[in-house]
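Structure, as structure tokens:
Read from first to last, the chains carry the letters A, B, C and D; within each, the first residue is number 1.
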Amino acid sequence: MDKINEDIQAYLEDIINEERDVARNGRIPDYIEKVDNEDHGAISIAITGLNGKTIQAGDDEGRFSLQSISKVISLAVALMDQGKEKVFQHVGKEPTGDPYHSLMGMEVKKDGGPLNPMVNAGAIAVVGQIKGETVDERFQKVLALTRKLAGNPEIDYNREVYQYEDQDLNRALFYYNRSGGYVEGDLLDVLPIYWKMTSIEVTIKELARIGAVIANNGKDIDSDEQIIPSDVVTVLKTFMVTCGMYDQSGAFAIDVGIPAKSGISGGIVAAVPGRMGIAVLGPDLNKHNNSIAGVRLLRKMSERWNLSLFNQ
Amino acid sequence: MDKINEDIQAYLEDIINEERDVARNGRIPDYIEKVDNEDHGAISIAITGLNGKTIQAGDDEGRFSLQSISKVISLAVALMDQGKEKVFQHVGKEPTGDPYHSLMGMEVKKDGGPLNPMVNAGAIAVVGQIKGETVDERFQKVLALTRKLAGNPEIDYNREVYQYEDQDLNRALFYYNRSGGYVEGDLLDVLPIYWKMTSIEVTIKELARIGAVIANNGKDIDSDEQIIPSDVVTVLKTFMVTCGMYDQSGAFAIDVGIPAKSGISGGIVAAVPGRMGIAVLGPDLNKHNNSIAGVRLLRKMSERWNLSLFNQ
Amino acid sequence: MDKINEDIQAYLEDIINEERDVARNGRIPDYIEKVDNEDHGAISIAITGLNGKTIQAGDDEGRFSLQSISKVISLAVALMDQGKEKVFQHVGKEPTGDPYHSLMGMEVKKDGGPLNPMVNAGAIAVVGQIKGETVDERFQKVLALTRKLAGNPEIDYNREVYQYEDQDLNRALFYYNRSGGYVEGDLLDVLPIYWKMTSIEVTIKELARIGAVIANNGKDIDSDEQIIPSDVVTVLKTFMVTCGMYDQSGAFAIDVGIPAKSGISGGIVAAVPGRMGIAVLGPDLNKHNNSIAGVRLLRKMSERWNLSLFNQ
Amino acid sequence: MDKINEDIQAYLEDIINEERDVARNGRIPDYIEKVDNEDHGAISIAITGLNGKTIQAGDDEGRFSLQSISKVISLAVALMDQGKEKVFQHVGKEPTGDPYHSLMGMEVKKDGGPLNPMVNAGAIAVVGQIKGETVDERFQKVLALTRKLAGNPEIDYNREVYQYEDQDLNRALFYYNRSGGYVEGDLLDVLPIYWKMTSIEVTIKELARIGAVIANNGKDIDSDEQIIPSDVVTVLKTFMVTCGMYDQSGAFAIDVGIPAKSGISGGIVAAVPGRMGIAVLGPDLNKHNNSIAGVRLLRKMSERWNLSLFNQ
């Protein structure tokens, strides 16, 4: 490891140690605590450059589920399958100040569809746009893309976590969507894909690599293969800025300014265009359901290395 | 004029002609129709490079009021006066899917403050943060900054438009804010500043110059004077992306991807970081209260010259 | 027929003729138009005294589905099965200004349950409280009570209407309820009962008899059998006043003042305590989904005979 | 005092003693604690029969402000001044599940007016309908009616309480109403009447007498003078049932069933048609802003003496 990387490594260790205490000032969702990511005190950072090199700091090498982070990947699959025009007939593009499971916004608006692909209702509508003969074929497309982005063909979903994803609020959102024509088919044609994809597990380094490929406009950082078309990546990055951090997205854009997506497992993927992918993991969530430590670590790195998209 | 500029000029004329018809497919607010911007069929574009050169196309050389575009300038003044920490104790950072005059979001959230500085409630809270002994002194700071950004010391507000800005919904928002402690003082200490600043009139070229200084990170494009500190400009650009186009901001980010702010007079200012300022003017508004032609013209230019922040 | 009844009959014919035109100034829901109540111009009144005598006027002798009117009967069954305490752990008692299918109110309130037994979410929760080994056994209890109240053991549900009741918004409400613990079991343990009971068909005279038994505190008007306990009838009458006419309940209480429940088939049942049951039928619905003519006819009768509960 | 009255007196003392503890399980609004009703542990009942006789129990003989109870009296004045048609062009008739100061309902509905005369927005619109040359003349009409109903020409408003009523949320509601045309004139033409009328102070016996006149269809219980026309009293009683207890009105209708109106001073007036007026006072409020003890005492009396309107 060269001097620069050593310095970065040391800096990452420092900020992780600084955040270790506040990282526990929130809560972990029950089922995440129970079946996902055994080491719940874990706090970790990985950075993957577009040259493929990775620096990792912190005490965690375990796997954790993607949860809402998978919404970015399923959106990519749907856009590749159907094109923007068709997909955006089923889901909107607007951020919302409401929590991720909210139905209210849909009811108040006159047109009534799910507001964007990053809230649960929208992600369910997006999953409904993935092409494939069977449920399994459609899920395999999301899993295959995750494996390619992460650079690990062994990645899979956690069967135990999957059991817990089967929640009634998602069923309500499916039928609410279907009543407005934003999703078609049977509940079991759509929701199992959603539940499985949120249960896909990665390591912190794999998650950083996913961010790096997005930061590289969809080109693989090792093989240069265009995994996701560049115009689709533009859409992903935009939603990661406007809606990636639930109802904290606006504050995150101001304070950090990096396209990012969080999950309730405590992970966050971030893509600094043309520069690097970053993954952070911190245990407890704040009231917006984002990892407390994760948000703070990204803010520190953004300020130190001037990573904000709005400060270029 | 050199060949490149001639080509750009010709292209701008072309797209203006393409949009002339759809530009009238909406409505103009009554009082704008009545007292602002006499030539209501006007559709126009101006582009100002960071080198100070301007290209203008379309049939309008008249003045029109800034309306909500002024919220960007007053936010700059407040941030320069009080700093981020203090200002953001009075206004949030979150985009909202609700219309600009909405109170509902404040009521539903537990903390209850105005959601961001680009909705009316938030802009009123921001105006309350501007320092100055008298109402006039505080308004003069907004006017002075507008003049500097636009490069014209003669710019003023339109007295007739100002009369029409005195609207009850803004009064309701003032008191709603004050009941939660998000604004202090008397209604007449705050709202006249808001009403006057929205009545400030500019030409399309002046508006493009405002965009150019923002695109230049706050440095004057002629004198290199740092008119607005760079970190304040970062905040402005971020809000222009997440909340600049009312409840069409998310779609605009996806489809255009340029920091921009619209006003109900039909004008839109856009700042392409490191490259140029753009102003567009189109008469009729869509259901989100953005200029129909303005949004379409910006989308065409963004696609032709690859201007999206999310496509770099 | 004696003189008094002749006068009443003539008066009813008169007001029906007066309302025939406005009765068509709204709309009929598509599936009601298609499969329910063939004679859609029908406008009719029936009045049943507590002595069992019935006066009927208007051109309709056909059957029409109970729709939301059945919510009063299922609430009676649930209260008889489980008692007030248990039932009101699953559904609230508060009127709401929102439409009958609304979810918003549940989301905004902190406790989050369905607001009252007369909105769809609440009626679904109430159906979930009916005791019985099988779905069919539970539905048969609602049907049996309807037959007893109406005085016709042949009453049944319309199979074709039933097919159309299977709607996604109700499925969404079921799961939304279940996610909060307000209903248990499988969707198909609950919703078929709801869909079938709304499809039960009655004649205008049978509906008036239902109203008369409620007006008689639950005692059968012929046999004196206590079909529904008096304290349960008190609950029914209260909800009929506060929530019986969807988001027009408040206006109906002021203008008419009789406990009543409407359905989107155009029927309304009303119970004038100690005096009579009234049923009205009118084709088109107003924006609150109440029969236009039905509301107007009840108002005329209330004013002529001083029937308002609040004017005694 | 005869035997029956002695028994009632004893019963009232009993239930007051039973409720003394739970009466303190809530909170008293700050300014009520500070400037209104010195003896804040006070819990009291008064019953006034239509024959003019009053029975009082409990430890309080002090004065307390009417607060929202005054909305019933101002509605009576407005209806007498303008008639139902005009008044109900400015305020709706629908109950709402929202808290009394809520604006959300108005924003979500398409027509947008205040929902009913018992929420603050509606009461302000109603006050705007009272006729009179000056603010003071209009307020004096409300005060005069209060004095007549209470049978005490010395009743007045509490100047100190009045100072505290001047709250920004009411100012916001005034302008929100005015922006929709539901109120006209200047803020200071309307709100001082509202603030003064809520500050009018009565004793528990005077409040019971107000209830008795309403229960007597508007006729004075001593002089037989028709103080309020009977059809106006019908409107008052209806709103007292559908909207009189804030967002607990529906539960109160089910559990108690008596037309009643509460105030945040802890007082509640109830009118049992044709039988009696009841006033209760209890210190702490529940989460719906109704007196904890007050609601419980009324429920006990309603059950014991079968007072529910829905159980006759």
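Criterion: contacts are C-beta pairs under 8 Å (C-beta built on N, C-alpha and C of every residue); 3 or more make two chains touch, one makes a residue touch a chain.
Predicted, not measured: the structure shown is a model, and the values here were computed from it.
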Farthest chain (mean CA position) relative to chain C: B
Chain A and chain B: spacing of chain centres that average the CA atoms, whole Å: 32
Centroid spacing, where centroids are CA-atom means, of chain B and chain C in whole angstrom: 53
Multi-chain contact sites of chain B, meaning residues that touch two or more partners: 104, 108
All pairs of touching chains, each written as two labels joined by a dash: A-B, A-C, B-D, C-D
Chain A-touching residues of chain B, taken from the complex the two chains share: 92-98, 104-105, 108-109, 115-116, 230-231, 234-235, 237-239, 241-243, 247-251, 253-255, 257, 259, 273-274, 308-312
Chain C-touching residues of chain A, taken from the complex the two chains share: 102-104, 107-108, 167-169, 171-176, 178-179
